[in-house]
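Sharing a structure below in structure tokens format, with a few things to ask.
As written, the chain order gives the labels A, B and C, with residue 1 at the start of each chain.
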Amino acid sequence: MVPLKPLQLKAFTLCMRLATELKGEREVILFAYRTGDYDELNVWRELDGRLSFYLSGDGVFFQVPELGALKTHLCVTWDSSSGAATVFMDGRKSLTKIYKKGHTIRAGGKVLLGQDPDSYLGDYDAKQSFVGEVCDVNMWDSVLPDRTIKDLVSGKRVQRGNVFDWETIQLKISGTVEVIHREL
Amino acid sequence: MVPLKPLQLKAFTLCMRLATELKGEREVILFAYRTGDYDELNVWRELDGRLSFYLSGDGVFFQVPELGALKTHLCVTWDSSSGAATVFMDGRKSLTKIYKKGHTIRAGGKVLLGQDPDSYLGDYDAKQSFVGEVCDVNMWDSVLPDRTIKDLVSGKRVQRGNVFDWETIQLKISGTVEVIHREL
Amino acid sequence: MVPLKPLQLKAFTLCMRLATELKGEREVILFAYRTGDYDELNVWRELDGRLSFYLSGDGVFFQVPELGALKTHLCVTWDSSSGAATVFMDGRKSLTKIYKKGHTIRAGGKVLLGQDPDSYLGDYDAKQSFVGEVCDVNMWDSVLPDRTIKDLVSGKRVQRGNVFDWETIQLKISGTVEVIHREL
């Protein structure tokens, strides 16, 4: 995935729609952005069903309904100035956790969907890869208002991602991935 | 339940609202359509909480949020030409599974709610019967658009079932069943 | 919490928004109203995840999705004349249970959020206290229509609580409680 602007970020909203039936069996990586030495931003479904994200180090965890066969609209938001971290599932907002206040995500790395780049784009762990459907991956360099996230869930195109925009994105496919184009 | 047209079907959408607190204890049959020798279309809540349906043989399974005390609007759809099978819970669509492509459901059987007709309308298994509330059972001989299913959830009467229409349906009651008429 | 009218009630709707990550570990009390000798109205998240409420004695239980990090709009309703008891989560109504028909809740007690007053405002059990976010606690002396509860979920201010109104309520804070004022 090729970003529209460098990922030097002090805040972000990352959204996607996904469905997966790997419930309970294993941890699954949903999104990975890695620079040479750091996992800058990884989003995981943990072994116990919690959602988490990691900014170069320890993560922040949210106890949410399990992902499953029903398609879920998922967003994670983070803001460096307050450290406020939240997740949204189908527009429902979580409680707020304070995480990595003052941190900055570094530019110049690579983004992967559904694979963990344990060393820089080399050594993948098949047991952590994603199996299911994912689409509508969009990213912004700010925290979107709750209302805007609800509009995204219902399909209103209020604001297209200014870091990643799924409608114009260039994907490089590797592994067993089927790309399906659908009209909305 | 007496159908409005023969159930010789190459596609269907079957919807109902239901609530049940039998969570985790046992498998529960939600809908059964059986001809002389075959379980033509059975919809189950499996022991592990998954939803499933069976067209004369092995079934297709969906890992979804557990049914419980909250009323759920459930739809299952299937289309013979593509084999596409999906479920919807409260308008949220599942991922698509390919199941029994080319199959046809046979006409001339009987439909039951909440009972498994193990031999043709004879031998019921009380342990598999449904306990809870069920209403708004409607069936169509086509796959409804996602948008139409969302409208059904919110109570808009865009399209009445052309195989079963809950508003004009004739029910034959047996066992401990209480029928409550409500104005919508 | 100081009520706008005495809590001598033959019916009520009690709503709140809450998020908590104490899943599975322990029982949690969400709302407690106690007169000298009786727990007049207690709302619990039970050890097994069920929601329950108790009117001076045995309670009524609802098997619902687990509370977690996502904010949930929760209502419980009860009507003495029919005994009808229901819960709503994010506007989704549960099946109806018949509970304490003919009972009256007594006036003259004290209301607490997130603490169990085992003897009259004395002996708290820290293991049963609430940890998380709670807001928008409103109470009515009648059962609100389903439609009105859906409007409350989406933030429409159709009807302010006539027993407790969160916007004008006087809170007496004790323990580690942070009060955050937010514009809606």
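In this text, a residue touches a chain if its C-beta (ideal position, glycine included) is under 8 Å from a C-beta of that chain, and two chains touch if they have at least 3 such contacts.
In UniProt terms the chains read A, B, C = Pentraxin family member.
Because the structure is predicted, anything quoted here is derived from the model rather than measured.
With contact taken as defined at the outset, chain B and chain C are each touched by A.
Different-residue interface: chain A and chain B share under half of the residue numbers found at their contact.
Taking the mean of the C-alpha atoms as each chain's centre, chain A and chain B sit 35 Å apart. Taken residue by residue, chain B touches two or more other chains at 65, whereas all remaining positions touch fewer. Residue ranges on chain A touching chain C, taken from their complex, read 62-65, 87, 89, 92-95. Touching chain C in their complex are the following residues of chain B: 19, 21, 23, 65-66, 68-72, 90, 132-133.
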